[in-house]
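Structures given as structure tokens follow.
Common to both upcoming complexes is subunit A, partnered first by subunit B, then by subunit C.
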Partner chain A sequence: MTKVLAIEDVVGGLESGMTVGIGGWGSRRKPMALVRAICRSSLRDLTVISFGGPDVGLLCAFGKVRRVIAPFVTLDSIPLEPWFRIARQRGLIEFTEYDEGMFMFGLLAAAHRLPFLPTRAGLGSDVMTINPDLRTVRSPYSDGEELVAVPALTMDVALLHLNRADQRGNAQYLGPDPYLDDLYAKAATRCYVSCERLVTEFKEGPVQSLLISRSMVTGVVETPGGAHFTSCEPDYGRDEAFQRAYLEATTSADSWRNFAQRYLSGDEGDYQRAVAG
Partner chain B sequence: MAEILSLREAVASLVRPGDTVAMEGFTHLIPFAAAHEVIRQGVTDLTLVRMTPDVIYDQLIGMGAARKLVFSWGGNPGVGSLHRFRDAVENGWPRPLELDEHSHAGMANRYVAGASRLPFAVLRGYRGSDLATRSPTISTVRCPFTGEELAAVAAVNPDVTVIHAQRADRDGNVQLWGLVGIQKEAALAAERVLVTVEEIVDALDPRPGAVVLPSWSVHAVAVAPNGAHPSYTAGYTVRDNDFYQAWDPISRDRDTFLAWMRAHVLEAA
Partner chain C sequence: MSRADVCVVACAETFRGDGEILAAGIGGAITVLAARLARLTFAPDLLTTDGTCLLTADVPALGADPGGVEGWLPFRDHLWLVLHGRRHVLLGASQLDRYGNSNISCVGDWSRPKSQLLGVRGVPGNTVNNPTSYWIPKHSPRVFVPRVDMVSGVGYDRPGRGRFHDLRRVVTNLAVLDFATPDHSMRLASVHPGVTVNDVLENTGFPLTVPDEVHQTRLPTEDELRVLTSLDPRNQRAREVPS
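Here is the complex of A and B:
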């Protein structure tokens, strides 16, 4: 049974107000082709769960976001994601900030279909103060220790980008890090995987690189260059020059209009052609 | 850092009377050779922990090494009851055996909590079962967000975890692969870790799906070829299914059992 879809099929199945988890990490292996398609859509009021990078930034730039839940939003080589920064400084979005350990337990809780999981991560830090909705639980045993209760990061949809996938939805990463993509797949009601290349057999990489099982996947899209301008090792590295151009474009309304006109006014094919120059 | 010792030295230095000892390995890589050395050294009053106590714990229990068993299933896999375990529970022979019984998911979570150095783990388990009323290590917590009541199992942190693996290198880094059970979690939860291996090699080559326990998480490595028999070690030995069948008549009778242990364990070093 094939689960192969077009980009517009995936985005056409989403609804405003949904909670969308986005895989990858910072400016690494982000499903940017799907993110760009959301930017072109009429969707809005999304809650975005992400180890944030330009995925979060672009969605903020196009007014798609109501709330971001993240441990960071960064471009890695550029510390602060510029559009996320602008959206926060203008008060355009709400933000739930966790540290990375708490965030991982939130994904794990959702993947296990538990309402929360306990952790020591976050104790003694201001993350508890700036998140008044966070709670603690006390150990029911004689130690009586108080731990942070991280609520499950349950999501309607997860969007992932992997190096290879087959038409049934199995997917493989070939880079140095799986990130937490497998937890996103399990935490979501529906999971869509974009990939650099659809294959009929996984002939590259070791067994453990087969990260995503088809049982977790709703649909697959082949999007060559679909992580651009984030990295997708070993197929390509981060496009640092483009990332700097993106940063510079955010410095004024005019420069952003020009950037968006040049790169983000058409479909994914137009984007890839514009990048190729 | 792990020391490479003989099995006799490793057991003598790590396993002490009264310890809580977890011997793990699910069907595969069960550390029989180490258990036999524990029996030969007469270490006793142990609290034995294991998700699936099978013939290995039948032997330890029958020889009077254990005062308590923490477990989530017990049996001779594919054959039937464990007769020594049964005799200890039903008749207190050779000594009474205290029980702490859990579900598999509960035991796995207890090891994970122990390895994470958390006091307890949360799961949606034990519902509709009497286990919770009989165990001091099953409690509940209420989700502070949804109000749902969930099982909270106490972490298990063994004094010693004993496992069998394919290989170690000369620095004591351990590598195991194939059907890997809860060994990683049981090792990381323990105060001391004893690993028997089929062989020591100059360098560990990468294996798909392998677990590597770094030397700093292991205290002693001992070479014990075929040390998982009658269970097996993938890539080295095959499971001795006939032995599991043969164990049933051997273990049914106290004297037959003791004679077998004398001949095959106590007098075989």
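Here is the complex of A and C:
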């Protein structure tokens, strides 16, 4: 059975107030076409779970975010994400700030249907102070060690971008790093995968590159260039010039209006045409 | 020989004796050069990466592709390795206090920061799980503060730091610091050539333990300088520490 959808079908099925996990890492293999579509929608008050990059930034820029759950938000080659900074410094969003390892354990817990997983990461740091709901557990064995009980990062929806997918929802990464995408798929009630190319048969890459199983996937969208301006190795690298332009656009209200008008006022096709110049 | 050369070698020295573990240099050219220089000279068993997820079989120059790959360390396994502990990380910090608490999260009140920085990244877990050293390219009272705004990396005075907490050294453009004091507060270990003890004290915003005799940071050997030139032919290290 085909699960192929259009971008607008995916976003049309989301609701304000949902918890949305976004795959990739920093400014790498982010489902930006889906993120851009959320920016165009009337959705709001989202809780966004992400190893954050410009996905978080753009959603903040368009006022879609109530809370960010993340260990960082970065553009990688540009260390600080400008819109996330603005949103934090203006007090526009709530922030659940976790250590990276804690964050992964939260995803693992959710993927295994566990309420929490214990770890040392976070102990002794202000992560425990700024998240007053975090609890610790004591090992029931003779060591008696106290550990952080990282709560499961369950989510209503996961949005991922992979290199290839088939119409049944199986998806493949061809770059060097799977990131934590499979965990998002397993931690979510519904998972939508956008891909560079829909294929009828997976002929590239070894069997280990089939990261996402159709049993975890609700819908698939073909969005060539759908990770732009983040990287999608080996199909394309990060568009560093565009990323710099994005950064520069955030320096004044005027420049942002111009940038948004030029790139983000139409649909995904308009965006891709504007990028191609 | 430049100040940057001295700094790279002082950073590389943090990895001496580490054996067959990952030397992870994070942020900037000098941390990466330090790991690679150590591996190419006095610590040949170290593992190093290409800056992404490849463990390189040889030790390429900055920006160059490795001649071969000996392992795969995607983010999920890198996060595992932190918890496992067979890794020594050399990383930056926006603020550091006397006990080695570090901040990379934000400046100002966390609830509405004056300046949002990266977020804590993996630093809380790094500091309680694997050996950690810091590289500070500009030693100043803005970095060396009495109290960090948000404890991202865990210092020696924090309850809960646990049994694997192991802060080793802080290398700066002026000096090498360590925690070899009874209460693990920061101590001046050596000053770089051309730097006085006063220079360091004036640029440190908290009381620093100064031993009776302060040594000079050791100079790079000729062999190390030759290796460094081949690893960094475009002299990116000088951009981090101008002479």
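Note that in this section the second predicted complex is superposed on the first by the 277 of 277 C-alpha atoms of A that agree within 3 Å, B and C clash if a C-alpha of one lies under 4 Å from a C-alpha of the other, contacts with A are read in each partner's own complex, and residues count from 1 in each chain.
The criterion applied here is as follows: a contact is a pair of C-beta atoms (placed from the backbone, for glycine too) under 8 Å apart; a residue touches a chain by one contact, two chains touch by 3 or more.
None of these values were measured; they are calculated from a predicted model.
Student: So if we stack both complexes on subunit A, do subunit B and subunit C clash, or do they fit?
Tutor: With subunit A aligned, subunit B clears subunit C, so fit.
Student: Looking at A:208 after the superposition, I want to know if it touches subunit B, subunit C, both of them or none. Which is it: first, second, both, neither?
Tutor: In the superposition, A:208 touches subunit B alone.
Student: For A:159, select first, second, both or neither according to whether it touches subunit B, subunit C, the two together, or no partner.
Tutor: A:159 contacts neither subunit B nor subunit C.
Student: Pick one for A:116: touches subunit B only (first), subunit C only (second), both, or neither.
Tutor: In the superposition, A:116 touches subunit B alone.
Student: Classify the contacts of A:191 with the two partner chains as first (subunit B alone), second (subunit C alone), both, or neither.
Tutor: Touch partners of A:191: none, neither subunit B nor subunit C.
Student: Have a look and say if subunit B or subunit C is in touch with more residues of subunit A.
Tutor: C
Student: Write the angle, vertex at the C-alpha centre of subunit A, between the C-alpha centres of subunit B and subunit C, to the nearest 10 degrees.
Tutor: Between the subunit B and subunit C centres, as viewed from subunit A, the angle is 70 degrees.
Student: Thinking of the overlay built on chain A, is A:146 touched by subunit B (first), by subunit C (second), by both, or by neither?
Tutor: Once the two structures are laid over each other on A, A:146 reaches subunit C alone.
Student: Determine, under the contact definition given at the top, whether A:221 touches first (subunit B), second (subunit C), both, or neither.
Tutor: neither
Student: In whole Å, how close do subunit B and subunit C get at the C-alpha level once superposed?
Tutor: 6
Student: Looking at subunit A, which of its residues have contacts with both subunit B and subunit C?
Tutor: Shared contact residues on subunit A (touching subunit B in one complex, subunit C in the other): 119-120, 145.
Student: What residues on subunit A touch subunit B, complex-wise?
Tutor: Spelled out, the residues of subunit A in touch with subunit B are 112-120, 135-141, 143, 145, 147, 149, 151, 206-208.
Student: Please give the residue numbers of subunit B that touch subunit A in the complex, ascending.
Tutor: Subunit B reaches subunit A through residues 118-120, 122-124, 139-146, 148, 150, 152, 154, 206, 208-209.
Student: State the interface residues of subunit A toward subunit C in the complex, per the touch definition above.
Tutor: Touch residues, subunit A against subunit C: 25, 51-52, 70-74, 79-80, 84-85, 88-89, 91, 97-102, 104, 119-130, 145-146, 176-180.
Student: Which subunit C residues qualify as touching subunit A in the complex?
Tutor: Touch residues, subunit C against subunit A: 52-54, 72, 74-76, 79, 82-83, 105-106, 110-125, 127-129, 150-154, 158-162, 164-165.
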